[in-house]
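By letter and in written order, the chains are A, B, C, D, E and F; residue numbering begins at 1 in each of them.
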Amino acid sequence: MKKYAPIDALKSPRFCGLTSFMRLPHLRTTTDVDAAIIGIPFDTATTFRVGSRFAPGEVRNMSRLLRPFNPAQGIEIFEHCSAVDYGDVDVVPGYIEKTYMKIVETMQPVFSAGVIPIAVGGDHSITLGELRAASGRYEKLALIQFDSHCDVWDDYFGEKYNHGTPFRRASEEGLVAPESSIQLGIRGPLYSAMDLDAARALGFEVIPEREMAKLSIADVVSRIRERVKDRPTFLTFDIDFVDPAYAPGTGTPEVGGPSSREALEIVRGLAGLNLVGFDLVEVIPQYDSGQITSLLAANILYEFLSLVAKNKESHNRDQR
Amino acid sequence: MKKYAPIDALKSPRFCGLTSFMRLPHLRTTTDVDAAIIGIPFDTATTFRVGSRFAPGEVRNMSRLLRPFNPAQGIEIFEHCSAVDYGDVDVVPGYIEKTYMKIVETMQPVFSAGVIPIAVGGDHSITLGELRAASGRYEKLALIQFDSHCDVWDDYFGEKYNHGTPFRRASEEGLVAPESSIQLGIRGPLYSAMDLDAARALGFEVIPEREMAKLSIADVVSRIRERVKDRPTFLTFDIDFVDPAYAPGTGTPEVGGPSSREALEIVRGLAGLNLVGFDLVEVIPQYDSGQITSLLAANILYEFLSLVAKNKESHNRDQR
Amino acid sequence: MKKYAPIDALKSPRFCGLTSFMRLPHLRTTTDVDAAIIGIPFDTATTFRVGSRFAPGEVRNMSRLLRPFNPAQGIEIFEHCSAVDYGDVDVVPGYIEKTYMKIVETMQPVFSAGVIPIAVGGDHSITLGELRAASGRYEKLALIQFDSHCDVWDDYFGEKYNHGTPFRRASEEGLVAPESSIQLGIRGPLYSAMDLDAARALGFEVIPEREMAKLSIADVVSRIRERVKDRPTFLTFDIDFVDPAYAPGTGTPEVGGPSSREALEIVRGLAGLNLVGFDLVEVIPQYDSGQITSLLAANILYEFLSLVAKNKESHNRDQR
Amino acid sequence: MKKYAPIDALKSPRFCGLTSFMRLPHLRTTTDVDAAIIGIPFDTATTFRVGSRFAPGEVRNMSRLLRPFNPAQGIEIFEHCSAVDYGDVDVVPGYIEKTYMKIVETMQPVFSAGVIPIAVGGDHSITLGELRAASGRYEKLALIQFDSHCDVWDDYFGEKYNHGTPFRRASEEGLVAPESSIQLGIRGPLYSAMDLDAARALGFEVIPEREMAKLSIADVVSRIRERVKDRPTFLTFDIDFVDPAYAPGTGTPEVGGPSSREALEIVRGLAGLNLVGFDLVEVIPQYDSGQITSLLAANILYEFLSLVAKNKESHNRDQR
Amino acid sequence: MKKYAPIDALKSPRFCGLTSFMRLPHLRTTTDVDAAIIGIPFDTATTFRVGSRFAPGEVRNMSRLLRPFNPAQGIEIFEHCSAVDYGDVDVVPGYIEKTYMKIVETMQPVFSAGVIPIAVGGDHSITLGELRAASGRYEKLALIQFDSHCDVWDDYFGEKYNHGTPFRRASEEGLVAPESSIQLGIRGPLYSAMDLDAARALGFEVIPEREMAKLSIADVVSRIRERVKDRPTFLTFDIDFVDPAYAPGTGTPEVGGPSSREALEIVRGLAGLNLVGFDLVEVIPQYDSGQITSLLAANILYEFLSLVAKNKESHNRDQR
Amino acid sequence: MKKYAPIDALKSPRFCGLTSFMRLPHLRTTTDVDAAIIGIPFDTATTFRVGSRFAPGEVRNMSRLLRPFNPAQGIEIFEHCSAVDYGDVDVVPGYIEKTYMKIVETMQPVFSAGVIPIAVGGDHSITLGELRAASGRYEKLALIQFDSHCDVWDDYFGEKYNHGTPFRRASEEGLVAPESSIQLGIRGPLYSAMDLDAARALGFEVIPEREMAKLSIADVVSRIRERVKDRPTFLTFDIDFVDPAYAPGTGTPEVGGPSSREALEIVRGLAGLNLVGFDLVEVIPQYDSGQITSLLAANILYEFLSLVAKNKESHNRDQR
């Protein structure tokens, strides 16, 4: 099997050439592909700051700094995982439900081919589209949600679809299994005392940031692993999970969050779970400073790719 | 009759207090009001850069530098024109048609009361909502459009409503009279040779920027005045009419445009026309530098207010 | 009794309308009011970077992200606390002592009415004005000062009043009781070895940042509570208390400080103290990045408001 | 013959997908290609501000706003001109002469195949590399240089190659014919009175900006046309030709220059000349504001492409 | 006589070393000196944006791009004019009148020694201090004021000294001769119809921007020359004279102004006048974009220096 | 012996005057000098973001906030250590090896005179030049390297000298003793599994960030002290050692690093080591936000100066 891997940065400087994720081949194929980076530049569903449509481009820009060996995981990613930059979903700016159709249209074949999509938004509304696309192949997925907000509102201004409601919708549509799902990092002012309970009432486990701050990384990882077990799992990471000092470029930042070091370590702890899809959302480059948010986002996607590679490596080892 | 006017800046520094337009009273009333500044922070309908939802706030910020006497027009504005900051339309982010309903709901009473609305967007899609609101009181309006784009596309990605289509829609809905309407400043690359003709085919007069550059300010003013005559007229000003050096903070800038001095002089030349509504659209503060775009926008709104005052002054003089 | 509370953000998007703190009613009244947000946009007294005159506006902007229920304190703020945005003090830019008179003139009636003022500066010189305003109602106040600098210089360039001297002046004028007062977070290079001793010589307890870093949050809170006991207390928070990574937008930043998470937790620990006034100073929006300093400042003001609400709640419970 | 043309922006929003110039196919081929956009991200040779290595990427970003019909020239570009984004030269950062070899290696096949390269730098040193690449196919080229500096220094700090010396070197190496060459827009302080004479002494015609300001666009165009006649010509455009208000993002800006409108009109006037190569240099995105410099640069490249299309159109018409 | 001149930029790159104006010797001497650059980093007297205390530093930064030969004037500056960077006046931030004393203390010896000071502010209030310093040597000076505001207010918030009042004060104190003085570029909204008349009532000639726009550069120059004749003259240049597109980094920008090209040409036209002092005020680097305002300011100071050199050259020629 | 010390900031505001480091005398002398701050504005050797040539200037700017007493070390720096700002090395932009010669030429006399240089880069390539300059006086130095990258690549694009290779070169040239040297903070993606081993294979001790995160500050300090013992030691600090939230303004940032508080504490722990030279590299002001990176850099240089003072103090005490 062919292996797709990045251009060699020791021959072509990293600032040269067109910008795909990690300088991977830009190909819309599922053949010989384990993981596909997909941009979903949709930000119509945001309720405050807007502009994540430019995030896939900026994250690709900063991903040029990434290199193929991940020492934290001890893995040569592209020896175990063939990956491509699949390009972007052609969203319909201004139209949420039309865009959901486009997401499904683009990503269903990816899921169906057993390729693991690693999407970069866009606002958090896109995850509903992705989960719909996954539903052709997977029954109710477990969900691991890194976020400072639960995103289980019923509606905003009388409308059902926006970046504050996707996980209620996903639950209603039977796309996720709340009883195997977990939200972590939740914090910040709420509309009412019932807000925290809303996610729990739907069946999600919630670890608020103040509780998480008292746990060790290992404990947080255990809580997640115990929750999702070996169920097919979708990991969604809202960049506002981390503190605004580490990720200023986002739409509804909440102060008092974890550092990027903590975030990365938790993600690294998830190797071995049955992860079938990933996304990273809510980066807004216009509010970034020194491109640190886009750089962090690129690194998180990189850890996702490493998790895929780790799973492939262990799978291949088992088969030998 | 009561006259609403700004706070005295010689007593309260201009950086003090909450920020209404020119520090006018913030009142949602049409009683004893000649002109009402209204924000329409809607940017869902944009096809490239996004973020004009924050423009009304930023334009209000820079409007604090404005003072009540306009020497270019020789008028003490608030001696002739009572004005309020009417606040914003409660738009529905992510939903264009719902937002049109909100615009109509908010602005129809303004038009009906004979108050002249001076709106600040938001993207150019909002003008369609405003024209619908005006239609209760006025038959087909003449339109004066300062813009680098005609905005008469039929659709984008299969959708009828966005910031590239409002004037085709307005024409189709019978809200404007193309035969009395004029677009000026049009420039930049097009999708095809037919694009320029499209506006003309609908009946609009079009003065492309390259033609305008050869005319004197007086000639441009004459062309406009001859076109709209004494018909009730709506003036819509897309900030991308001016060159990006003067207005970097916008969504689809086109290089090679007029200076702000030229723009202001043309607007000043329109005193005496039967102007019944105004808007200023497409300011995106996130892309501004040194707040010059918001400052220019505030000055253009100021000239609109001055035109209202000039008309009131001449009307009152006639009555005496 | 009437309760003033914010506009409902589920009906009017948070980016709509004029910007008062948390979208509270903008009213200059003390009737039926428990707490009043007051801007003091004065920055004449700064010795390095300048521009905090624009902080009240920017903090109000970011305060639109706040919601009425504080989960960290478990309180529906506006069920227990009626609050208004009182607007700004009309300062006299360029004139420190005249401005002190304006602060006293505006805030004395607030203190006298038993309303708790929550001020947002402005540079740290303003606190002297506030303490003078408080002195009509309260004898020597206890002071809790979050800051990286002691601000007890005798003079600068031969002048007694600027943002480095307010707490020596307050002590000399008998406005505060150093023996019940505490400064925490002090760090950074000093002019001489005597500088740290200066605050202690005046009677203040000082917890330098390096000492604080070795204490738990609970220990820091205990130290504060033991110091001020049940004395009427003024809490002043200089945003440079936190590390510049969390608050770049300030005038004399000191590296190596606490995170915003640590800062918020300490503030939250002060519920039940007899807090009669608050301020938050030294935010300079021009040096901010991604508006994170203004957002943090808004959150700190929010915790102040929550402390007032907690006290009211417990007071009301006791009365029942 | 196959025609390469951009993706249809009415189907795929302009912010979607990977970013090639104008969303042209990214292909390293000369077959069926009339013009090739080539990035040369080299900035080692700069003497003040640095960072134009990131210009090709940013110019590609802003080129997404361009559309295929150029109304100023009345041409559907891609009906007459097949164009590709050829990618970047793999430069060697830190090594000027090695990079010249890389430029020659990449571009000589392009010139040899009769494809017209349209390069985007990089600093002005790259033009020497391009002219060397051209010399395989063309004898001494005429040169049209838009610039605020003559760039004919002999050396800097004892070194022969940097962005202030390329045209002296080109002249010495016999790559250009000074007697058919012209520099326009020259202005700003000089090291000595001999500097202006230096270019003239080498045989170049020089139109300083102050002289140019007194000429009409038509006169400037005539001066250029008379100078280069029908000789094979290379057009090099240093973005600092225009005033810093229009192009702040550059390395050695000179105040008091022409507007972008003037610049574009002069370029448009050059249709019909025997233009065999183009470049646009010295854009530094880090110093840009509102991306206006990158947008202007993209538009200038667009006018170059239009000139190629005009020439092809007239050539094809003649052949019919 | 010794001649002070800049470091040779062909030996030491312009970004090397500490930053004096044009890399002139930093010396506080009047011996063998014709002109002295002096920073006056005072911004306490501003009524809106603040921060010009950092302007002398930033203008020095951008002055590193200047070179010793001025082709527009045809002069090798330092062959005729010995110049130093005299450093800054040690202002007293927060205290206007104390600062006036410091300005007088520092600059009186400069004027007395017959050295021509070229000051860089700071806000416009500083000019009053400079004129007081000059009064020891010169009787009522003629004043040439480039500005968008007349700055002849009587008071602000009850205070006599700030950046809106210096020329009324100068007139009252007999420091300038209004009958030989001229203000040009005045524009923008005013507090009342009497504002424009106020300067004229004091005896100043005023050329508003709208009148100036109709005159040729030569006509403007003639108007100035006729007004000041051979009287000892102080030239004060408020950077807000030019349009905000050319100078965004200022405190009270007014749209619709001249370009930097127009401004430079008028200044260049003043050679031969009896110019005994200069200043350039109101640059605020925090609001600049791409450092273009500081660069323009540096160039204007450069033209002032060139005027001194021209006068010296013609004086020396006459003596031979 | 004469003692050079900063200007008194209580007499001259810190924003006044030309900007030397900490406002120390700007003198190129080694007489009566213990430590010399030296700028090396060279950035030609960078492989991604570029622009550290402007770092010495910006770090000097922010160093104005530093004061002479370091409470963390309990030392009045300038009572024990006479220091000057030595100015910058006149580098040759674009030419690495020529610049090495310039560094040696400038710094060898400093080392030879027993003055301790504290350099501020520039990119990390400069350290090789400094170590060459030191070799005249010191045999193989111990090296303490704070960095997120090992910088022991063999070559890039076939070239031996750039900012990724200096410590392999230094080792090959016998300038450092790897067996007494230590690198700490290493993290981030690598090109291959062998990369971490490469530094160890050369003999360096390496503490990767993930290992360091598990150690206390005291343990890290011990590891360093045990490694270098009393050998003459060079301390090199790449600002990308700290997390990008604390230092966004750098060229190849790596997320997940230590805070500035941790970094400062480790540096403070090194008092008493035989430190003979220091540098701080890779600050790029163009990517900074709120100048926090330059401020942190200035503080690190300040801690270096404090270490020199501590050593002098203890040396003098011993001699008494």
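Heads up, the rule we're going with is that a contact is a pair of C-beta atoms (placed from the backbone, for glycine too) under 8 Å apart; a residue touches a chain by one contact, two chains touch by 3 or more.
Please read these numbers as outputs of a predicted model, since none were measured by experiment.
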Same-residue or different-residue interface between subunit C and subunit E, half as cut-off: same
Rounded Å distance between subunit A and subunit D, as computed from the means of their C-alpha atoms: 41
Whole-Å gap separating subunit C and subunit D, where each centre is the average of the chain's CA atoms: 56
In subunit A, residues with contacts to at least two other chains: 11, 13, 15, 47, 53, 90, 92-93, 157, 243, 245, 248, 287, 289-290
Inter-chain touch pairs (all): A-B, A-C, A-D, A-F, B-C, B-D, B-E, C-E, C-F, D-E, D-F, E-F
Subunit A-touching residues of subunit D, taken from the complex the two chains share: 11-13, 15-20, 26, 39, 41, 53-54, 57, 60-61, 85, 87-93
Contacting residues of subunit F [partner subunit A, same complex]: 47-48, 156-157, 187-193, 195-196, 208, 210, 213, 243-245, 248-249, 252-253, 255-257, 287-290, 293
Subunit F - residues contacting subunit D, complex: 43-47, 49-51, 53, 90, 92-96, 98, 157-159, 161-162, 286-287
Residues of subunit B touching subunit E in the complex: 9-11, 13-15, 64-72, 74, 76, 243, 245-246, 248, 259-261, 264-265, 289-292, 295-296, 299, 302
